[in-house]
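Below you'll find the structures, each written out as structure tokens.
Paired with chain B in one complex and with chain C in the other, chain A is shared by the two complexes that follow.
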Partner chain A sequence: MLILRRFGRLAIVFVVVTFFTFFLLDRAPVDIAEVKAGLNATPENVAAIRAELGLDDPFLVRYLRWLVDAFQLDFGDSIVLDGFTSWDLISEALPKTLELMILAEIIAIAIAVPLAIASARRPGGWIDRLGSTSAFGLLALPSFVLGIYLSFLFGVQLGWFPTIVDDLPSIFSDPFGNLRQMLLPSITLALNLVAVYLRLLRSDLIDTLQEDYVMLAQARGLSDRRVMWRHVLRPSSLNLTTAIGLNVAGLIGGALIIEVLFAINGIGRLAIQSVILNDFAVVAAIVAILTVAYVVVNFVVDVLYTVLDPRIRHGAR
Partner chain B sequence: MALVEPGPTGVKTGAEAVDAAESGSDPVMVETGRRLGLAFWLSLVWIGLIVVAAVFGDLLPIRDPEELGIRTREVERFEGPGRNAWFGGDGQGRDLFSRVVAGARPALVLGLSVTVLAATVGAAIGTTAGYLRGRVDAVVALLVDIALAFPGLVLLVAVRATYGNSMVVFIVLFTVTSIPAYARIVRGASFALSEREFVDAAESMGATNRRVLWNELAPNIAMPVASFAFIGFALVIVAEGGLAFVGLSLDELTWGQLISEGAGDIDRHGHVALIPATVMFLTILAFNLAGDQIRQLYSPREVATQRRLTTIGEHRPRVGDATLHVADLRTTLHTPNGEVTAVDGVTFDVAPGESLGVVGESGSGKTMILRSIVGAFSLADVTRSGTVDVTGVDMLRADDGVVRKTLGTRVGMVSQNPLSALNPVRRIGDQIVEPIVFHGVAAPGPARARARDLLRQVGIPAPDRRMREYPHQLSGGMRQRVTIAIALANEPDLLLADEPTTALDVTVQDQILRLLDEQRTRRKMAMVLVTHDLAVVRGFTDRVAIVYGGQIVEVGPTDKIFRSPRHRYTVALMKSMPDLALPSHSELAVIDGSPPSLLDPPSGCRFAARCDAADERCRTVAPELIGAATVDDFDRTAHAFRCHHPVPVTVGTGDR
Partner chain C sequence: MGRRTRILGAIASLALVTAACGGSDDDSSDDEPAATEAADESQADGSDPDSDDGGGDESAPESDGDESVDTDGGGESSESTAAPLEDDEQLTSEGEGESGDAAGDPVAGGEITWGLTNDGTGFNTTTAVAPGTIRLMGALSDPLVSLDVNADWVPNLAENLTPNEDFTAWTITLRPGVVFHDGEPVDAAAVAANLEAYRTSATVGFNFANVASIEVVDDLNVLVTMLSPWAAFPFQFVGQPGWMVSPSTIGQNDTFVGTGPFMLESWTPGDGARVVRNPDYWRADEGLPYLDAINFKYLVDQTVKRQALEAGDVEGYISPGDEDIVDFLEDDGVDVWIGTAGANEYLWLLNTAAPPFDDLRVRRAMAHAIDRDFLIENFRSGLTEPADGPINPASRWFTETDYPDFDPDAAAALVAEYEAEVGPVEFELSIEPNASVIEVAEVMMSFLADVGIDGELKEIGQGQSAITAIQDDYQAFSWFQFGAPDPDRDYVFFHSAGGLLNWSNLVSAEIDAGLDQARQSDDVAVRVEGYGQFLQALADEVPMLWVDHLNGIEAAVTIPELNGIGTPGVLPDGSPSLPMTDGSFFSWTGVWLEQ
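Right after this comes the complex of A and B.
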């Protein structure tokens, strides 16, 4: 029931976002038919293309047609690159962006969770002070500045990683070669998240540590480690889970910059390129895909929520 | 979710500190009345430099930022930083210092315009929304969802394509995207404000409207906005930088563009990207620091509280066969406000099968006695001294593993609030099984069978079903039964019950007390029953210790003390109980005043300030515990008290 309600809500988000995207792109003073016809086109050519694409139809008709096609993964042809559909370009770029984002999340969680636990164990201790100060500094570091620092230090000075991703092998066929190239971009993208997650989880852990049931668990002679992992972490991870879901949109923005910095041919670079070339069909397709991604991740987060907190499952909260 | 909520005063008294530590809700101390620190002023100096660069950049005696080195022959291509060009030259021999200075102006113009506009509009929306609730909230939540999912990129594309990429377009664009954040902050602040009593209080005390506005509203709304303005300023610079970096920004020379230009040459000429990147980082850091420092002015920051448990002094071996032997136990909490001695030289013991009541007002330190026995203090820096001996184990000094094992297998604990005593996200069965398996008492399989049996013993029907349920599916009384089942899981010799019925319905209270009593008798457990309810003490304990200001002021067999209390605090307590009023004092009385501050306890009798019989001696000389229950000469049946002017023994009761 709850899941159904959430699903309906997310469907609304999808329709509203794509509608406004379509609307905004429609308002832009760029004639898609002219772009597609090329520089030497005659007015007749342009008119023919316009008729073929159905550009003379009313706005709502065009949006609905696009929406119906979109559900079949048909986002139309690229306006600029002849012979490519929008989906061709996206399916080529998507895996790299996905890998970047997933790696970044894994790295961020792998660093933030143990650090938050160590910090919460001794608030004001040296780990906590170091962590809080670093988090503060990291939040002031835009990803392109951080990326330049990391690339200069690990790429140029130490020479551990390439500073440019070039001819990326698949992570499945050559995981080592793939990670050698993708690690630096992923870490760059992850460090900002570390700061956000660390602050959030640390504060929730400290709140949970003061709960009666934690005191009682200690009084039962359970080890600190067991108390922390079994009694404190899970009830404290609800806000973190939400943050991970909500961060997906921000992460896409971050990935865009990382892709430019490290020359990764992912969705972000494709989006910028399409924007600069006025390839609106691809832009709309990317927006649709990203919105779906956002919606799906948040749906998964909602489901995960009910797993983490039985009170939500039973509607007690 | 906030770690520390600002309290009305921010300063805790000793009793409050103990209360906080006892309830476990807010032991993290706060301090207020801080001023802006060095970091703030350093940040302002840096921001000042940026402002100077932005305003007077044209007038400074520096090179033209667009002048190519090829023409002037003053700066080499990719020249390193040095005396000729402080920041070096870029790929076309342009002076990087001049370019960084030139980049300050668009950053500042954009940041300032957006901050002022968004804060103004956001504040207007926020205050309106702060007073409209319910359905509005649901709509707002949906809008937030959409706004978060909506790709800023698309907005940017459409706007750029329609209106170009001039400064005005970017100001409008960033303002529109920043408004929600300001609106949310103002909404939250005015939301909280309308529920705070001090605004009403200030009004009722005759303060003029302007004073209320200035003294209460301004700091409570203006400060968060001012704080966020600095951070929002930084966010605008970051956002512009990001767009410039990917080539979608303003058609002006900005830091982001400089970084973007230099990024391609990072392999050989790192300084071209690193220098503008660092200037940008320092600027963002300065704005963030300034914002953070302002935030700390109004939201009390937590003070470093080490979670530490230390022991000093010597162990005194127990006398006889007592299950629990406590001798001269002293527990000191090291708080930012000073040392709080919450337990001050407490001595008692409990024999197998015996029940000892510990009675006192809240803040008297009675719960701290139990916490000191098990050594669980959540987040606090605590020092214990004296002796806590459970079945022969020195609980203060023994090896960690030995103490844990003893806690797990010899001691059971029941706490005050059953609603918070169980982990909300774990199944009841798992929570009962955990200590059994963890301490190796039984394997998981047999442990589950035992858990079912325990649930049956504490009177829970359908234990199989209950094992699979979560705490929220049970009533308060049922949950307390589960807590008791967990406490009994490893057949403890000692049961510590901390106000086990306070949070329950009156009808359930008696059932739970009977259950505890029945289990104690059947299992020959020693029990310590902490309560503020003398009726409970009379009904369910063999002996009683009255606690006041962290000390035991009277201790002895329950019937003796009820027949003939000697300490004046005990008498006052009894007079305040409706059904226990002594025959000679039949009217109900409340004890005037409040318990003494344990931060700075009075030098004489701790009850002197509230005692009718107190004289000069009471106020200066602390009374000793008179009776036989001293550390060296332990007599369990003795009736001892700590008073210079004890109540005379009631004639004809046969007491001694």
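Right after this comes the complex of A and C.
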């Protein structure tokens, strides 16, 4: 039932977002037929292309036609790149951005969780102070500055990593080759997240540690480690989980900068390039896919709540 | 807990170091270079600075394939040699730099990564090809004709081009035994099919408006008949009209089956392309090409490009920023190659068919108001030269004119006269969304404001410049174009017969007569006179507001071990080729890497 409700919500969000995206693109002061016809095209050329693309049909007809095709993963041909469908371009770019985002999340969580636990165990201690200071420092540092610094240090000066991503091997067939190229951009994207996750989790951990059941567990003689991992961390992770879900949209924006800095042919760069070139078919497809991704991720987050917190699980029943 | 954290940290550190060392430094074939794109280029449009139409359709002075054309009528040739610039003296003495590549004899082998400025939009040679694609053509295609060091045309893929007596017909003779990358023969039928597709194209056919017919004479000869004499016709084949593709792929956008030293292995829009040595290259008996493969990588940011070069991730790239050029000139670890032939000009088109620029006083006031030296000093690091017209002062076709000098008082007087008669001078400048170009335009606006001209920026979509200009939907337009080694390539953009492509809509008998005289004769003196008349008419009428010749900043930077860029190659007839044209466009045929 929960899943059905979520799907219903997903469908509504998808239609609303894609409708307004389609509407905005339709109102853009650019004639797609002229773009496709190119330099020195005659009015007849433009008219023929307009008819071929169905641009003379009413807006709603065109939107519904696009919607039906989109549900079949047919997002139409690229307007600028003859011979390529929108899906061709997206399927090339999307895996790289997904990998970038997943690696960034993993790195951020891997750094933030241990630091938050150490900070929460001794609030005001040197780890806490150092962690807080570093977190604020990272928050204040824009990722494009961070990326250039990291690239200069680890790429130019130390030569540990390439400064650009080129001919990226699959992480499954050549994980080391892949990570050698993707680690630097992933770390750049992750460091801003570390600050947010660290502050959120530390705060929740400290609150949870004050709960009666935690003190009861400690009074029963359970070890600090067991109390922390079994009784404190999970219920303290709700806000962190929410933040991870909500950060998906932010990560896509951040990924654009990282993709430019490290020459990754990802979805962010494709989106910007498509906007610049007025390749509206690709833009609409990207928006549709990102909308679905965002809603699905947050659906997963909702499901995770029930796993992390028994009270929610019981309430759901 | 604490111990577990430490273990996790140690594992993470180990993973990091392992990943970092995963591809050792010497498996360079895996993660070699890559590049970026940056500033960029444009082909007959207002896109942006380092525009390069890289031979897209340039032409060049005349010459002879074997006969006919008189190339030494006294004019100096275009100084077009690219040089490795190691100091400011060389920078200001274009074409005089030594060849620089004293690395010895070329060696075969090696693979490099090369940074490009712009992404391509496909390979359809019957439509307007994007600058990013044009950059690949130096590897994928041998044009029918190339330019020698004097910027005279020399047959390349074609064996010869022979005119009739009055230049109303040209016979293109092909080499026997040459094949496309798919094994199909490069014969008269294939060449005629390519030329006919180009001629009848709605988007690029205007370049062949003077072509009446294209006929196959026999297996190796094609006859092209003109509507009127066209002595400079062979220069058309240096660029896009000269790129031959296998007949079955004419009009295809996602692949390129040409005749060049390298074959297209893959092209990923938005990322780059990889080309590999053509084993059946028609000049293979000369040991060409030398490289095994080239990875072209589109990079979008100057800082990224520079760091990639310094880290050894790319072996070179085009279109460095002016500040980087200045820095690299001091760096022995980087060679800077500046093409001095065919670089674009930065200018504003003025629509002379609409107010306020239908009034000559306003146009001349604009020219008097702009301090070009200030712009060059502050926005080009002093590397470019002020422009008075579309022909570079280094070109044999250049003639001094009395284009309006910087004189704010004269500008203010003209504006006052116009205002008293008509009203305030107000206009919109159409401009593509490029920050560095907008910066320059805003400063120009401030110069104009000082003399009473009130301008506003009107941003248009990227890539919309040509369409907007064709539709005359503008008053003034920020623009990059022209500067072809042979000005005949720019004929349609100034001549009244250019129709919609006569950008500024100025109809001038003087301009038409000058351009026609230069087009129809093969005598250098006659052509110089024609272009002189053309340039003076432009200076008098000011249909364009000229800023600078970009020959100083259209460049390529490379590691010293990469040779053959910026130095003359060897054309099929044994003559040395023009190393770089149209800014930093060059052929990859003779490029080699020290092993």
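FYI, the second predicted complex is superposed on the first by the 308 of 317 C-alpha atoms of A that agree within 3 Å, B and C clash if a C-alpha of one lies under 4 Å from a C-alpha of the other, contacts with A are read in each partner's own complex, and residues count from 1 in each chain.
Following the convention adopted for this analysis, a residue touches a chain if its C-beta (ideal position, glycine included) is under 8 Å from a C-beta of that chain, and two chains touch if they have at least 3 such contacts.
These numbers come from a predicted model, not from an experiment.
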| said: Contact-wise, after the overlay, does A:30 reach chain B, chain C, both or neither (first, second, both, neither)? | reply: both
| Once the shared chain is lined up, is A:221 touching chain B (first), chain C (second), both, or neither of them? | first
| task | Go through the superposed model and pick first if A:20 touches only chain B, second if only chain C, both, or neither. | result | first
| message | With both complexes superposed on chain A, which partner does A:234 reach: first (chain B), second (chain C), both or neither? | response | first
| request: Determine, under the contact definition given at the top, whether A:156 touches first (chain B), second (chain C), both, or neither. | output: both
| query | Which partner does A:260 reach: the first (chain B), the second (chain C), both, or neither? | reply | both
| message | Between chain C and chain B, which one touches more residues of chain A when both complexes sit on the common chain A? | response | B
| task | Identify the partner contact of A:165: answer first if only chain B is touched, second if only chain C is, both if each is, neither if none is. | result | second
| First, second, both or neither for A:72, with chain B first and chain C second | neither
| message | Touch test for A:114: chain B only (first), chain C only (second), both, or neither? | response | second
| Which parts of chain A are touched by chain B and by chain C alike? | 29-30, 148, 151-152, 155-156, 163, 260-261, 276, 278
| Contact set on chain A toward chain B in their complex | 9, 12-13, 16-17, 20-21, 24-25, 27-30, 121-125, 129, 136-137, 139-145, 148-149, 151-152, 155-156, 163, 203-204, 206-207, 209-223, 226, 230-231, 234-235, 239, 246, 249, 252-253, 256-257, 260-261, 268, 271-272, 275-276, 278, 283, 287, 290-291, 294-295, 308-311, 314, 316
| query | Which of the residues in chain C come into contact with chain A in the complex? | reply | 1-2, 4-5, 8-9, 12, 15-23, 25, 30-36, 44, 113, 119, 121-122, 124, 127-128, 202-206, 252-254, 268-272, 274, 295, 297-301, 303-304, 307-308, 310-314, 433, 461-464, 466-467, 470, 500-501
| task | Going by the contact rule at the top, pick out the chain A residues touching chain C in the complex. | result | 29-30, 34-35, 37-42, 45, 80-84, 89, 92-93, 110, 114, 117-118, 148, 151-152, 154-156, 159-167, 169, 176-177, 179-181, 183, 224-225, 228-229, 260-263, 265, 269-270, 273, 276-278
| query | Can you name the residues of chain B that touch chain A in the complex? | reply | 1-3, 24-28, 142, 145-146, 148-155, 157-158, 160-162, 234, 238, 241-242, 245-248, 256, 259-260, 263, 266-267, 270, 273-274, 277-278, 280-281, 284-285, 288, 292, 302-307, 371, 374-376, 378-379, 403-409, 411, 413, 415-417, 420-426, 434-435, 438-439, 470, 472-473, 483, 486, 496
